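Pasting the structures in now, so scroll down.
Each of the next two complexes has chain A plus one more chain, namely chain B in the first and chain C in the second.
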Partner chain A sequence: MNGAYPTYAAKRLAQAAVVILLAYVFTFVVVSILPGDPITSVLRNPQNGFTEEEIAQIVAAQGLDRPVLVQLWSSLSGFLTGDLGLSMRSSRPVTTMIAEVLPSTLILATSALFLAVVLAVVIAYGTQVVPKRYGQGLLRAFPSLFLSVPNFVIGLVLIHLFGFQLGLFRVINPDSAWATFFAAITLAIPISAQIAEVLIASLDHEAGQDYIAVARGRGLPPFRLFTRHLLKPSSLPVVTVIALTIGELLGGSLITETVFGRTGIGSLVQRSVSTQDLPVLQAVVSLAAVVFVLSNLIADLVYPLLDPRVKLLGARTPRTSAPKPAGATAP
Partner chain B sequence: MAPHDRLTAAFPHSLAGEHPAPLLQVEALDVSYGATRVVTDVGFSLGRGRSLALIGESGSGKSTIARTVLRLLPGSAHVQGRVSFDGEDILGLSERRFRPLRGRAIGFVPQDPGNALNPVRTIGSQAMEAAALTDARDPRIARERILETFAEVGLDNPRRVFDSYPHQLSGGMLQRVLIGLAVLPRPLLLVADEPTSALDVTIQKHILDLLSRLREDLDISLLLITHDLAIAAERADSIVVLKDGSVQEAGPTATVFAAPSSPYARKLHADVPALNPDRYAALRDLGLRRLADPGQTPKISVRKLTKTFEVDGKVLTAVNNVSFSVSPGTTHALVGESGSGKTTTIRLLLGLEQPDSGEISVAGETLTGRTRRSMQAAWRHLQLVYQNPFTSLDPTWTVERLVREPLDRFRIGTPKERAEWVRAALVDVGLGAHLVTRKPQALSGGQRQRVAIARSLVLRPDVIVLDEPTSALDVSVQADIVAVLLELQAKLGLTYVFVSHDLALVRQLAHTVSVMRHGRIVEHGTVCDIFETPRDPYTAALLHSIPSSTVAPARTRSPRPAPQAVVGTAVIGQEQIA
Partner chain C sequence: MTLLSTAAAARLAPPRRRPALPPLPVAAALVFVALVIAWSLAPGLFTGHDPVAGVPADKLLGPSLAHWFGTDHLGRDVFARVVFGSASSVTSALIAVVIGVLAGGLIGLVAGFLGGWVDTVLARFVDVLLAIPKFLLAVIVVTAIGFDTINAAIATGVSAVAVFARVMRSEVIKTREATFVEASFLSGGSRWHILARHVLPNASRSVLPLAVLHFGDSILVIASLAFLGYGDPPPASDWGLLISIGKDYPKWPWLVYAPALVTIATVLSVNRISRWLRTTD
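Coming up: the complex of A and B.
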């Protein structure tokens, strides 16, 4: 590996930290400049039925009577130390509330991502080895089919088929292994479609390259050709797509959790939005930002490991193919 | 062990040579894609330890034949006929039975070494994979054999090469690696598909020498696919000339080369610059007379030009103290290999880059240190024809719009006049008026380059910079384009700056020449002087790399590379660094 990699990784890490902080501040500012301050819009809302006494308590607990900048500072320092404040509704620590629901969502999201990647690779492999007359076209149609069926429809069909008809899992116990599996499948299908689309296009491109013909000419059997030669170079654009898909995974988990009746980040968001529980919302938005930044960070860190040709920022690598206008003497 | 291996072991090479059965025999081969037939009734045979060249232009079916022998054609290809290798009909074999022949018995050297190795894996891992497919199962023995083979194919530091990624090596080194991998299992046949067309000229010669030497040392038969008749004549025992998928002429090299009987082979012979240095002498003479006129002030004058770039924190001097001048109505050639600084020099000349120091003047006007706006005025007199007509023309534009664009850009003339000038420019380059509504896709490579020339002519410039204008084209198309350029020069008195790595072509059309290396001009002078008596060893090496135009019929096997004195090692050294 390149000697410049640690420097590159450190730089990218620092950039990621800055982005997360900015995202937090931005969310805070957006929430605080929204029309109507939280005291009047939430607490004094007759529907919520707070008494004046309770309102005074909450205002004091949340520090809402202090100047905005002071609030930002305490909120930000809380964020950095892992204290996300108290819920306006239940007065419970937001950190605890998230910790309660996060594992369920994490399990769902990671298993969905795993299934999506496996599904995409299988479909993509099929498009490379299945001859045209044995249904290669059908395989190639899968991604668009997957994308065109809405998430909740897939979920409902799966529940009906495997839950009610085949009785594989009980709908009232949404955390069983089978229920989690089918929820993950529901979430995975549209995501696998995106990954497969990019992977197929990338495989098609790489398969036409000379080095594949040369490797075949060396006598490599098709499966080894795929795993040893095609997959790695073709997976480069896929890394980027997966990083971008993580956001969708979070959004998609909201619908899937609702359909399968799971508690998770999705249901927490739903409750917090309907009750305008701002500290919880701020925390969830920041969490989303962290996940997004982290997944892109990982993609950036993985990329140079997959492709030795990638130029690292600020790296001093000896390169043979000088850029077009250059050339000339290498000492 | 495959049966043929035992066969070779049983029959030493001397016996195999007497054996009349050819190693590779192609009979009545037809290849078609759907209704399009790309190869028609092709037949030839190649004996053990012999070499045969399939020669033709793009679309002649030569690469298709090579890939048929290797069974690397896409599934949509329909193949008929018989290809027997070592007595076995390989077209009839199942994929599973044929696979062991690939690599082990039939090696493949591809066209573009830069793209022939997996870019994300080290050379070593790919070499080990190739070795594992042969009988070398023990990784340590395999590694030893690979390093030995790398040394054998002239790689200086086999260990470093083993640990490198493809992008860290130069094209010449990569081609050596590929040849090394191809000969590693000691195949009986090596199929080389234009093995040198993506390489610099001096490297080309080394690679061809290497192939000749390996063929002799290891007694490998060579099926050489090339578009270059001069290379074929120099390297092959027999030649098969192809056009549009069918054989035009075939026979021993000496016969086909010295006394071609088919009209196509004769035309091919006439179009190769290396074989016909004086083809355009009549047109060129006009420029020579202008050059001899002492009263001329130079059209282009470049003084002490220097340009550096910073790449990865290192300063590279791309152009170092370069000076030359060009008389009006003549052609000045900038010659050098990739990385020599010739492209940067013309970018500076065209004002696309600003030099660090030095001065450029065209037609008496200084171009350096100008603002962009006044530079634009100068561009009217200074036009560029780009290297690759397949990428330099916007595919969505019609020919008319492409050629008219400079006029629109500079707001010259009324719409009616512009249409008139466009037509005139197209006539100048020999394109009919019926093409104006076509888009580049519907044109051949030669027609596209004519459009590119017309586009640069339409502003009536004095100077046209030609950046390898024929390197993407077939020889016969190249000959047409060169004729068009020289006729235009004779008619309009144009001054050309001609950038090329092809010395044989430069000899045909240029009047003066500057040889560049590592950003410097190592030698300059008239074409006659430089080609007759090169003073710089690098120039001599470049000239030496032109395939020789004479073929001794007795020399059926190429000799080992002649000792090239100091020059050869100097060039090898450069290749290693590059």
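Coming up: the complex of A and C.
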């Protein structure tokens, strides 16, 4: 393994770089070429109230009068040097706009990820210790239930119960601790379902192993058995799932931030969609792709180090062929 | 001897038929999905109320025998709005699944069957699609092609292409290397014959449960897009749109809870059916 690892790491790194670049090009194609000429149609929209001179200025400033390939090239080289262009609405640098709202989304996303892992471990622990006739089946149905509820409904129900009925937080003050907590719960629930599904399948597999029977036979209490023997070997597939759900945290923040009235990446997207501010959308989507690719890269690089049994097949086969983690249903 | 013959018999017997009666939860799920489909085909049969024109005097009534889900701020029957909205929610989810299955299936089929550089190129393309968060991808596609329910369905379908491509590809590769395919090839079967007769039917077996699962998923994504206002504007009554309107009336929670429960029940039923299809096949 030691000999193969550097090659494996180098190949994965190169592959990640290629995917990030292609994702940028793909987004560029979707937002700027697909629908004919959305840019001038947005600018000429009477609601926006631009005069012809202003339109000409914006078109020149954004370089929209150049051929598409030239635009793509300058946009791509900007992206590589960390320059994401100017907003079409406010003419402010997109990087600044993102930097302003990023902390709020980071707080939301990290607390959601933390809550999701805790919730998943609690549910998975329950499926291992709760006897069949005392509702183990119900616990096992939780992930499927969580994945069937629209995210915004979870948010609305939490706001209704804890905001209006119990008065724990006001929607007018979305940055209070309680409001952040419930927003994070909203975002966490579908993510926790995916982690729990994989964790439960993996725990079920480990629980059938001989060493568990031995530990149980020695009289180890269930909680010790779970924390000392079951959790560590079962949590390896979870690393992969967490990496896969990172992107969803960003996508989900769009709904959650809208429902809870928070500012953040999600509400920035929401605003840019309604004003058709394409440079901002392009930047956010590329950023999301970078985050997703990097977190999967880290997971793939860490995995062989955590589990020496893993053969470095990934060094040859493209990632698309990697088997989907057992229970990860709705990606 | 007996052991051996039963084992051999089990292997030689024709493929096991599905049990005649599905388990009770699956039966309930099937009935509910059938009901929702019936709602979308003939909404008029299920409610006597008009989904668009309300009775202003009856506004914001609680659920009762006359109005199962209560009435909204214009005095319209919420049950009628849910029933009449199901056509658009069900059709758009169907469109999304068809796009995902056809486009994703084709990519996966070509990549898996041809292999080589075609496979590598398509694999990178699928990686790119996977790298963009699904919901964000649906949002930018619908932004690019315009806000209405059909476009939201197309966007949702595009965001599902990668998953279908991946599953289809691995199924095709699995089948292509099976002994019976080799046998068919050796006995003179052409590539097209093998593709149509062996690879496709075998691959579709695992694509079907995934398609059913994605039907539920698409309902959620389309409802989310409608919730954000990227679908048809009112008086359309997509489930997501109903919930979105209902949220502005927090004192009358059934305006949110009624359409939300129908959405959840539908997705839950569809997911249960998908799991049943996966385990019986």
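Brief remarks follow.
Please note the rule applied: the second predicted complex is superposed on the first by the 283 of 331 C-alpha atoms of A that agree within 3 Å, B and C clash if a C-alpha of one lies under 4 Å from a C-alpha of the other, contacts with A are read in each partner's own complex, and residues count from 1 in each chain.
Heads up, the rule we're going with is that a contact is a pair of C-beta atoms (placed from the backbone, for glycine too) under 8 Å apart; a residue touches a chain by one contact, two chains touch by 3 or more.
Just so we're clear, the structure is a prediction, and the values are computed from it rather than from any experiment.
By the touch criterion defined above, A:Val18 lies against chain C but remains apart from chain B after alignment on the C-alpha atoms of chain A. Residue contacts after overlaying the shared chain place A:Ser148 against chain C, while chain B stays out of touching range. Look at A:Leu281: by the touch rule set out above, it reaches chain C but stays clear of chain B. Measured by the number of chain A residues touched, the leading partner among chain B and chain C is C. After overlaying the two complexes on the shared chain, residue contacts for A:Leu306 are found with chain B alone; chain C is out of touch.
Of the two partner chains, chain C is the only one that A:Val269 touches; chain B does not reach it.
In the overlay built on the shared chain, the residue A:Gly219 is in contact with chain B alone; chain C does not reach it. Applying the stated touch rule to the two superposed structures, the overlap between the chain B and chain C interfaces on chain A comprises residues 318-321, 323-324, 329-331.
Those residues of chain A whose C-beta lies close enough to touch chain C in the complex are 15, 18-20, 22-23, 26-27, 30-31, 34-35, 38, 144-145, 147-153, 156-157, 159-160, 164, 247-248, 250-252, 254-255, 258-259, 269-270, 273-274, 276, 281, 284-285, 288-289, 292-293, 318-321, 323-324, 329-331. Only residues 131-132, 209-211, 213-221, 228-229, 232-233, 236, 306-309, 311, 315-331 of chain A touch chain B when the two sit together in their complex.
Residue ranges of chain B in contact with chain A, taken from their complex: 67, 70, 72, 75, 99-104, 106-108, 110-112, 115-121, 126, 129-130, 133, 165, 167-170, 178, 181, 309, 311-314, 316-320, 338-341, 343-344, 347, 353, 518-519, 577-578. Chain C contributes residues 119-120, 123-137, 139-141, 143-146, 163, 165-167, 169-170, 173, 213-214, 216-217, 220, 223-224, 227-230, 240, 243-244, 247, 250, 253, 256-257, 260, 263-264, 267-268, 271-272, 275 to its touches with chain A in the complex.
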